[in-house]
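Next come two complexes built around subunit A: one with subunit B, the other with subunit C.
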Partner chain A sequence: MLGPTSEGDIPAPLEVEASGAAVVSRKSRSKSRYSILTRRDKTVMALMVGIPTFLCVALIWLPTIASIGLSFTNWRGVTPLTDQNIVGLKNYVTLFTTYPFFWPAVIHNILWLVVFVFIATPIGIFIAVLLDREMRGTRLYQSVFFVPVVLSLAIVGFIWEQIYTSQGFLNSVLGHTSSSTAIDFLGNANLNIWAVLVAASWRHVGYVMVLYLAGLKSVDPTLREAASIDGANARQIFFRVVFPVMRPINIVVIVITVIESLRAFDIAYIINRGKNGLELLSILITNNSISEANLLGFGSAIAVVLLLVSLVPIVTFLVRTMGRETA
Partner chain B sequence: MANRDAPSSPTLPSPVNPVMTRRRVLAGIAGVAGLAATPSLLAACGPGASTTPSAPASGAAPSAAGAAGSPGASLGAVGTLTVGSNHSDPGEKTGMEKINAAFTAATGITVKMNTVDHGTFQDTLQNYLGGIPDTAYTWFSGFRMKFFADQQLNVAVDDVWSKVKGNYTEGFANSVVGNDGKVYGVPVDYYPWAVFYRKSVFSDKGYTIPATWADLKTLCTKMQTDGLTPIAFGDKDGWPAMGTFDILNLRLNGYDFHVNLMAGKEKWTDPKVTTVFQKWAEIVPFHAKDYAGLTWQNAADTLVQKKSGMYLLGLFVSSQFAATNNQADLDDLDFFPFPALGTQYDAEGALDAPIDTWEIAAKSPNLSTETDTAKAYLEFWAKGSTQVIMFQNQPGLIPTAKDADTSSYTPLQKKAVEIVSKATRITQFLDRDTRSDFAGANGMQSFLQKFLANPTQDLAAYQKTIQDFWDSLPPLS
Partner chain C sequence: MSEIASPAVQVSVGPAGRVRWQRVVLHLVLISLAFVWLFPILWTAFTALRPYGDVIADGAVAWPAHVSFDNFVTAWTVASLPKYFFNTLIVAIPAVLVTLWVSSMLGYVFARFSFRLNLFLLMMFTAGNLLPPQVIIVPLYRIYLALPLPRLLSDNGLVYDSYFGIILIHVVFQTGFCTFVLSNYMKTISRELTEAALVDGASLWTTYRRVILPLTRPALAALATLEFTFIYNDFFWALILMKTGDKRPITSALNNFQGSFFTDQNVLAAMSFMVALPTILVYIVLSKQFVRGLTLGSTKG
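The block that comes next holds the complex of A and B.
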């Protein structure tokens, strides 16, 4: 997304200047204008525009377009792709009608997003605000909350697996020591998505906290002083003064929250490879296209659906931020 | 020992893939090297001549000379072999290293082994075989072997097979024949699936081995009143439940129906499949309640700890008993065949006994130079003496060769050999007998878990979702 905009930005002023010059004196001025840019400048500029453009096209646009194209085929990735591989919308029809794991996956992804946006992120912000008050031991708390972020999600998954298993920590604490009475946090298809969301949130809270804390530190203290002199209470100061000032950080936090929810994968994959109540779109893509199954076409169709789902918040976000900045 | 007489001519490597010109060049180089090596080979059939099987020498080279020669003398001079192994468990890895050392000692061929975690190996095999695979690699037999052979990703090894087939029973021989009638692998080990239990638990509580379905259910009820989980079960990984489906389908509907169902020639909506799920539903309440969060190791531990009574699993369950480091635990482990269900198919005695094989990858970049060394390797593996080395390090993998030394077998292993030799039909296991895209995590593994979560659901609708999924899969070739 960044590539094309930067590519569009750089040549634009040049054109304006060149055409402006042409109005004054077509031949001589435009010649002299061109002479300002040496051959070397042009090469440098071409490289500066060209390399990002190339990377953007090669690493983002081509794979995206290839995925969309593959989603209309039943290609398995071994034999050459021929006309016979083209199956039209069959993958999508299967996905939306008969494939029983698709809708649960969509619902789980949405659930993930909702929990992150309305529970995990606000908790992270809340903790950041508390820690920002310079209470005693604030550094210790910061470290404690941040530790889960340092761990990879694979390890987070492993830790929580030990906590949740039927003979694990949580069941012992709850007094369910025999396997017949134990709560099957990871096995129960109605329960395990919530168990996983707790684990994922545990990590996400720390992430949001650190981002927000950094932002809070950069808020000009005179603003708060002014507000408190005007008689605002702590709550009003935060919601009326600090929060609006923090807009750039808020946007980053929202974007990160949405991205983290849509790419949710690791913990569920560690626990049971996304079966039995833990279906997620990202795992369906993996299991179908790059596992032993090798259903590249079908996997691509799921990937396209995930792309479209991702575009909704991304486009909304871009339209809103861009719209405000230009206004 | 008898692997030196590579029965190949200098032209052998190229017909495998005549299109690849680079390989032809390499083959040419190999041929030249072979010619250069020939004099020494002919000169010395005696000691010190443990020369290269990679040298495309005359097929008449004496096979007996092998290890008789001093092996050390030829090191480094006689060809190499790249080997892809999925034996990632510590014991199996040690076994592989010992076997490779023995192979090098016997032939002088240097083996370069590439070990990949078993599950990862299986998941990535398609890309591996289609990419730059090692020349010899471990894999399954049966449907999964044919699946890759049909894609021209395997080299036929009929010449090796003709030399070693006397060492195998018919069941093993059938398991390595491809759809085109050619042989694509050499079977090296297997493990039967049966119902495992602790002898001490059965004798203490006065339980008897159930012979029929009714006996099994009575026993389960009795175990429940005794405070045991009647049937240990761990299906977190998705595949263990397939073992129960297999044995029920084999007993209720017979081998032919099972194999045809796996191959898509029968429908999952068939009423015969309904009977399998109905029977299964009768014993689901006796399974461990927390199965969905347990691995097979967790479930096996409940059997070790005498918290559960029985466990339908492969012989590899014994590794959890060995892990206690208490020989008494291992000695206490026993199994019985799944009870009869009163159908005509009980007599078949069919069971799952997955067979592992060694095969040769057609797309190996070293194929031209390593075809003969790889064939020598396969031939080496076909010997009981080789397979026993692996067996000593992983007692759950029973050698397939007739000449394997059975004197070191425990009673349990002897019984495993017996149960398999009694079976007139052997299946490989659901995820080895059917297409991989069907059997995967978001395929049959998930479907079976859906059944287990609600065994009394509308089976017709449930079976239709399975058949719909099968129908949505692309044609195989």
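The block that comes next holds the complex of A and C.
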């Protein structure tokens, strides 16, 4: 799929699939390859890999571990961290029992996930299937559905505000002309999460469409032809033939969808800082430990919850895409 | 199915009239969907072209009595958009270049030399890229507050609140995705090319610079387009790690424009439209690169 097909002069990949035998030969070859490298080459290589690795560990993985450690403390960041700050599981107990915003945030994150997985993603797949054919204008349609994807969720929030405000499109069309009768789509704590989800889905659909179109193009056309000769109709061909062979893409799409819903932050923050119906785990972390209070330990406990949930899609992704190479 | 040596067969068989009729319906469905999809942006542009007074007098959905670019001019100056656009460039240009440089080196080593550690390192970079940034923000914020930086690079002598710090975290975070894409891409380039160069006595660096990089150019172009958009669109890092509102890049600066910053919705609409425009233009001009970059990462092999 990602061969440099446009560059005709590049030779085709030598090892398409690493079977057992190929792995053995590759190993012996790699041994001989090292002898080519001079001492200086090896130093250069160590630097090429070492510096980025150091930065990645120092700025991503160390903080991840530090988050776990901090979650067992009541540190506020003012005095140095000592043994006195260790409070055991207290932050987690508070989080699960008395903290009023935790469960609403969990529910909103789940809602986000459910809407993305069961509404936005199928719509994106549906549009991709509609557009995956020889048809006039298919490129133009694709571009249109993709436009929201190039926007940040923060600006998506601003654009949809024009639809939702008291003098916005929706209230105007519904006949609520004065601001006293207008529906407060973004202020009403029961409505605003849905308003935000519509806007976020608007962006997600195009993303799924593009990923899926690329996948559909890689499906062997003879499969469909064979099924159609066997008398399958368009729906049967999609669900019985195309969808099953698209398994790798389906998994990538689901993983991306789950990760996007866990990362949701910008749009809720831009609308009301994640308050009053728009609580999300990601926003609770920053509000508690940085932007509004300095409960570093408590915020870290929320971060650990988010970390544990995120590990599910991340590990799935790594196993699916890289596991093949080790197996 | 496997035993059919199938010649190319038209999938939609049937009377030609029925097929044509289906096509018409399909186009009608797609055109209406496309209109719905563009509507929020078109509506924002429409609102931006009308004065606030007209909306009060005639309502939001009405034939526009006056159309002008006044709101755009007002938003441009009131919100000092040029300053924030410039801040974005200060961050995005070095961040994209350094990210591509670092990840092409990593990708090269991962694709060409098989250490036991390679797969582990690649996983570490990729997983880091997938992590929600909020998971690491509390310790990272403290690290940024504690790390000194020469005054030349930072007004307050810290990594916190400096462009250097924002560029650094972008590079570290984006390297995962780019390395993943580039190492996959480089695996499709013939091994013999680099090996021949090494046997002929070229150094590792020369091989990377003169053999691998030129052949990787298509992937680099696609990633550059994509990464520029990602970094343009970043809201979170500069929101938290950049304290001075005036130094924030445009997307994070949107946070300064919240609430009562704009007294009228139509100027707000004009501002929103102008902030959305650059990435839309990049996409229109470089759409092929853009989509290629995205799908390179997802559809491997």
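FYI, the second predicted complex is superposed on the first by the 247 of 327 C-alpha atoms of A that agree within 3 Å, B and C clash if a C-alpha of one lies under 4 Å from a C-alpha of the other, contacts with A are read in each partner's own complex, and residues count from 1 in each chain.
The working rule: a contact is a pair of C-beta atoms (placed from the backbone, for glycine too) under 8 Å apart; a residue touches a chain by one contact, two chains touch by 3 or more.
These numbers were taken from a predicted model, which means no experiment stands behind them.
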- Check the residue A:77 against both partner chains and state whether it touches subunit B (first), subunit C (second), both, or neither. both
- Of the two partner chains, subunit B (first) and subunit C (second), which one does A:66 touch, if any: first, second, both, or neither? second
- Task: Identify which of subunit B and subunit C touches the larger number of residues of subunit A.
- Result: C
- Task: Using the superposition on chain A described above, determine whether A:275 touches subunit B (first), subunit C (second), both, or neither.
- Result: first
- Task: Check whether A:169 is in contact with subunit B, with subunit C, with both or with neither, and answer first, second, both or neither.
- Result: second
- Item | Partner chain in contact with A:87 - subunit B first, subunit C second, else both or neither | first
- Message: So in the superposed three-chain picture, is A:194 touching just subunit B, just subunit C, both, or none of them (first/second/both/neither)?
- Response: neither
- Task: Once the structures are superposed on A, label A:307 by its partner contacts, choosing first (subunit B), second (subunit C), both or neither.
- Result: second
- Can you list the residues of subunit A that meet both subunit B and subunit C? 77, 165, 167, 283, 290-291
- Message: If we count contacts the way the header does, which residues on subunit B are in touch with subunit A in the complex?
- Response: 122-127, 130, 151, 153, 229, 236-238, 288-294, 298, 302, 307, 436-437, 440-443, 445-447, 449-450, 453, 465, 468-469, 472-475, 477
- Touching residues (chain side subunit C, partner subunit A) in the complex: 1-2, 4, 6, 8-9, 11-13, 23, 26-27, 29-30, 33-34, 37-38, 40-41, 43-44, 47, 55-56, 59-61, 102-103, 105-106, 108-109, 113-114, 119, 121-128, 130-143, 168-169, 171-173, 175-176, 181, 184-185, 187-193, 195, 198-199, 203-205, 208, 215, 218-219, 229, 232-236, 239-240, 251-252, 254-255, 258, 265, 268-269, 271-272, 275-276, 279-280, 282-284, 287, 290-291, 294-296, 298-301
- Message: Help me check something: in the complex, which residues belonging to subunit A touch subunit C?
- Response: 1-4, 6-7, 10-14, 16, 26-27, 30, 33-34, 36-38, 40-41, 44-45, 48-49, 51-53, 55-57, 59-64, 66-67, 70, 77, 127, 130-131, 135, 137, 141, 143-148, 150-155, 158-163, 165, 167-169, 171-173, 177, 199, 202, 206-207, 210-211, 214-215, 218, 222-230, 234, 237, 248-249, 252-253, 256, 259, 262-263, 265-266, 269-270, 281-283, 285-286, 289-291, 296, 299-300, 303, 306-307, 310, 313-314, 317-318, 321-322, 325-326
- Which residues of subunit A touch subunit B in the complex? 74-79, 85, 87, 90, 94, 98-101, 164-167, 179-180, 182, 184-189, 192, 271-276, 279, 283-284, 287-288, 290-295, 297-298
